[in-house]
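The structure under discussion appears below in the form of structure tokens.
So that you can tell them apart, the chains are marked A, B, C, D, E, F, G and H in the order they are listed, and the count of residues begins at 1 in each.
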Amino acid sequence: MNDSLIIAGRAFRSRLLMGTGKFATRRLLEEALEASGAQIVTVALRRVELDNPQDSLLSAVDPRKYLLLPNTSGARDAKEAVRLARVARAAGCEPWIKLEVTPDPHHLLPDPVETLLAAEILVKEGFVVLPYINADPVLAKRLEDAGTAAVMPLGSPIGSKQGLRTRDALEIIIEKSGVPVVVDAGLGAPSHAAEAMELGAEAVLVNTAIAVAGDPVAMALAFRKGVEAGREAFRAGLGQAQKKAEASSPLTGFLR
Amino acid sequence: MEITINGKKVEYSGPPWMANLMEFLGISSPPVVVERNLHIVPLRELEREPVEDGDSIEIVHLVGGG
Amino acid sequence: MNDSLIIAGRAFRSRLLMGTGKFATRRLLEEALEASGAQIVTVALRRVELDNPQDSLLSAVDPRKYLLLPNTSGARDAKEAVRLARVARAAGCEPWIKLEVTPDPHHLLPDPVETLLAAEILVKEGFVVLPYINADPVLAKRLEDAGTAAVMPLGSPIGSKQGLRTRDALEIIIEKSGVPVVVDAGLGAPSHAAEAMELGAEAVLVNTAIAVAGDPVAMALAFRKGVEAGREAFRAGLGQAQKKAEASSPLTGFLR
Amino acid sequence: MEITINGKKVEYSGPPWMANLMEFLGISSPPVVVERNLHIVPLRELEREPVEDGDSIEIVHLVGGG
Amino acid sequence: MNDSLIIAGRAFRSRLLMGTGKFATRRLLEEALEASGAQIVTVALRRVELDNPQDSLLSAVDPRKYLLLPNTSGARDAKEAVRLARVARAAGCEPWIKLEVTPDPHHLLPDPVETLLAAEILVKEGFVVLPYINADPVLAKRLEDAGTAAVMPLGSPIGSKQGLRTRDALEIIIEKSGVPVVVDAGLGAPSHAAEAMELGAEAVLVNTAIAVAGDPVAMALAFRKGVEAGREAFRAGLGQAQKKAEASSPLTGFLR
Amino acid sequence: MNDSLIIAGRAFRSRLLMGTGKFATRRLLEEALEASGAQIVTVALRRVELDNPQDSLLSAVDPRKYLLLPNTSGARDAKEAVRLARVARAAGCEPWIKLEVTPDPHHLLPDPVETLLAAEILVKEGFVVLPYINADPVLAKRLEDAGTAAVMPLGSPIGSKQGLRTRDALEIIIEKSGVPVVVDAGLGAPSHAAEAMELGAEAVLVNTAIAVAGDPVAMALAFRKGVEAGREAFRAGLGQAQKKAEASSPLTGFLR
Amino acid sequence: MEITINGKKVEYSGPPWMANLMEFLGISSPPVVVERNLHIVPLRELEREPVEDGDSIEIVHLVGGG
Amino acid sequence: MEITINGKKVEYSGPPWMANLMEFLGISSPPVVVERNLHIVPLRELEREPVEDGDSIEIVHLVGGG
């Protein structure tokens, strides 16, 4: 049976979005992307280095195979985020934007107020907006009402690999959301990605855990399977956990 | 003339058009984006976009990110 | 590259052991086994019902395709467990036994002392013994010393679907063990199975979570992928979790 | 004679051999296991294994389990 | 040595704020307040019942002994919250307000944007504002910058008694905050209150766990001790948790 | 109302047992004991140093004020543990013994089989036996049946300060036990001690967290309060945690 | 005249002052707060505050809350 | 004679009784415990307990522990 991820009316087979930061070589990035099965990949913006203008890992990413999703990383307020989004569009990307507003460079946590403000502006300008947010159910609802195409609540701080430390709030967000919930940040292992999908998330975004793995290509494949496992389990109907034990074997009568 | 490119002061004496400046810098346009004094310059208009003394120019491109 | 599970000198491609209890129909069991890719399947012993002697789900399990691993469920002490093991062998099974000694029918937790005693006897009688135990590192070591072919510590109480509530102890058991560690009991979702494999477990055993799922066949496949994802991630080298955030994108200079 | 099978008292008057008893019960041997008074009776010896008044017999088989 | 809680320049001996909702009788409320040692107690606003105008548990709360902290519970946006705050002041309370804006009556989670908006208005009107918020470090900082006298992040959803499910974010809020952090909501047992204080919270607010206890008066005392225990432990300098074991007894030489 | 801890027919007001290891000075130990309110204090055995025979922190512990509870730390099997217990009795202690059998010097986890064996011998010799065990409900029951005066399951590895990582199993042990359950090992903060008491433990034993604190005397007092808080909360009747939120204030009608 | 008090329609024919209305309702002022058409009426001005047909009046007080 | 005390070889030439040995070692008995060749020597019997060449003696006491 077909089970596509639909964002802004566009269908994707893969529910694993992949980030392209921190890869050691272009080759590793290229092969990891291939192994992940990802169709949506995030990218960032940076100044060209004048003394070495031609370098760009990005040549590894074929825009005909992947939907490039530029982020606004580095933006500290709505104004900077909007500026980055426009630049990204001018770079020839489709008008999709991963909206990040992180005033504190230490914890890299998102600003709820500036994020909502920027989202309202970018939606009006015709962007398909995917905002990176704290696991805040009320904020998620407000962003949906503002017209974002999805919400991207964090599982734990970016790059921390701690998994779903915000599980309770994610469950509420998923229960209430009318747009796809894409869990972003903090997913450090395939089990974390699977858990997010089992909760009912529509997709996950992974970068650091793949890029810094001993073998990034094998790890990309592992995450792919983890996401599929979690999604299929969600669809197959998981039973509820319970405190009490329950025999899986009949208690053998003849010993009595 | 002196212009600021990506935060660095640069002395430039070539033809006063953005396209020439790019060539001078050895940057083959796409996939770069050029901002002149905070306004984005569409790539197809680099020939027609002047470069003036004191300009602040940003030249950015896409890189790996999460 | 080849990555086999080796138990008692025998190699298995699949690291998912599957239980056969609680399935609604023979058909579902047969298809779920197929989907799981399992090569080792557990079975139990029970009195024939005299008024309906021919029923047996087990006809669904082809002994040429699967290694039947009978358990001693129902045994309350070493003596009963040994008796069940012998009966199982007489039933034509190979001399492999999943040793369970659970005096308390309510929580179904294993008795460490009786389990060790029974293991010593059965090893002498030539059985390949896989003991189901509490997540007790010292006991695991003693069983290994007694000659068991593996140890099967629990993740959480049987059938509770709570996942790895004994994670700390499992890590120690895996670190110290010289025989395969097979995490048994309590695995309620593919993410739990993946987590066990990421810790370095050699395999997992799942029954209830598959058997009682809305769609047991799809769930069996989901667990299969979860186990593969976790194993491949373990081999690919997972990074450590950390408290602090770490940017995955370069902080965009030109905004400054 | 009266024998106990799987915990139930059963009146049996057929030939005093296990094989006959199994037939009487309608149980086609494999994959069952027969215990007579706590001793396992190999299936190939069912013909030679007597059944006596007061015997306690267990007949078990493999079923689904975890 | 003296260790006062200072909010808006005012010193309090007790670090346990107590809510007055859900008590079965006026007598129980009065005795529980006494036992808790609380000096700041929250109250709510409600329509007088015309057919029974005189009832009010509140007569149990002597305004000379306790600082009444009215909340804006029920407010769904900034406008309603501001209206409630003004009404509370007109009721003769000092201009202290526990700001709550909860658009969703089901989960009762706070709205970050409306809360900030209301806080800005109320601070200008001279209120001492204590905003109830999600455990969002960036929002906490913005409220502090807007002039609130404290921040009140939630431990888990109101009345859920689940304790500190937001521990990671609370640690960041406490690390960054320049105003007192008062953990509110979800504290179901003294151990939860102690844990919050051990993290470095300046105070906690408890209501449901005391009001619905079998013996509310004894529970109020238990929470008082839990808060003191946690605070004193924080000041005494807690060691770090560690994975590895460490002997507390010298390993007895003479057995070797 | 009176609420004594009863072990082997002897009543104690304090439910905090304190260990005496790792204190920097005799003075600190003496004052910390005083502050803790402990009545049962654990001690260890060690060879006299021939070149410095008179040192002993222990002079800080007045045997008329405290019941000395020697442990068998260092014992790797039942035989060594029994030998240590006899020596301790010869040292003039009452025949109470904290039974520890830890074959692995690295993790210091107890051996269930040797512990049961030693307990059976020592009970016959008239000792009041308090065995330190893994959080194993079946083992706890067997020790009780063997006549031990209490069971001392661990919360987490000795000295790790990780708190109740074995909570699920502790709940079962407490539910089933007919003798006092004293949670030992791993309690790193008063909140951990309070949590153990809230679960229904009869007492806790703390050493490292107090001894290595910045201010051991203040920490001893903090643990004392934490234990009292948890015990009183247990007696006062804690409500159940729940997933859903529940308003503590009436939703203010007049806004509608 | 008909006025709305705490959301309920009430027929009132007494003297057209808030103080009288309160008396009529049997409410001894403090610690209540009176809002008339969304404006707060200071308690000391209840005598001088008129009550008119169609008024929407809220009378609230403090209760237990968290 | 040579005896082993707490694992160390010691040359001892005093009177062959445990009490004397203790004195020699400067150990004022309680709260110590003396084991001679794995047998506990009650403190009150130190006078009557001989010390012989080759003895293995343990002298232990209580210390802080958890």
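Following the convention adopted for this analysis, a residue touches a chain if its C-beta (ideal position, glycine included) is under 8 Å from a C-beta of that chain, and two chains touch if they have at least 3 such contacts.
Computed from a predicted structure; not experimentally measured.
**Q** Show me the overlap between the contact partners of chain C and those of chain D.
**A** A
**Q** Please identify the chain with the largest separation between its CA centroid and the CA centroid of chain G.
**A** For chain G, the chain whose C-alpha mean is farthest off is H.
**Q** So using the touch definition from the top, which pair is joined by more C-beta contacts, B-C or A-B?
**A** A-B
**Q** As a test of understanding: of all chains, whose mean C-alpha position lies farthest from that of chain E?
**A** It is D.
**Q** From the C-alpha centre of chain B to that of chain D, how far is it in Å?
**A** Taking the average C-alpha coordinate of chain B and of chain D, the gap between them is 94 Å.
**Q** What whole-Å value do you get for the distance between chain D and chain E if each is reduced to the mean of its CA atoms?
**A** 71
**Q** Hey, how far is the Cα centre of chain F from the one of chain H, in Å?
**A** Those two chain centres are 33 Å apart.
**Q** So, what's the distance in Å between the C-alpha centres of chain G and chain D?
**A** Centre-to-centre distance between chain D and chain G: 91 Å.
**Q** Residues touching two or more other chains, restricted to chain E: which are they?
**A** As it turns out, chain E has residues touching two or more other chains at 19, 21-22, 42, 44-47, 71, 73, 83, 107, 109, 157-158, 162, 168, 207-208, 243, 247-250, 252-254.
**Q** Could you list which residues of chain H touch at least two other chains?
**A** Expected reply: 6-7, 35, 58, 60, 63-66.
**Q** Applying the document's contact rule, which stretches of chain E touch chain G when the two form their complex?
**A** Interface residues on the chain E side: 19-23, 29, 42-48, 50, 53-54, 56-58, 68, 70-71, 73, 83, 86-88, 90-93, 158, 205, 207-208.
**Q** Spell out the residues on chain B that touch chain C in their complex, using ranges where they run on.
**A** Chain B residues touching chain C: 6-7, 35, 58, 60, 63-66.
**Q** Mind listing the chain E positions that touch chain F in their complex?
**A** Where chain E meets chain F, its residues are 19, 21-22, 42, 44-47, 71, 73-76, 80, 83-84, 105-109, 157-163, 188-192, 194-195, 198, 207-209, 211-216, 218-219, 221-226, 228-230, 232-233, 235-255.
**Q** Mind pulling up the chain C residues that touch chain B in the complex?
**A** Within the complex, chain C touches chain B at residues 247-250, 252-254, 256.
**Q** Which part of chain A faces chain E closely enough to touch in the complex?
**A** 102-104, 107, 109-113, 116, 134, 136-139, 141-142, 156-157, 162, 165-166, 168-169, 172, 176
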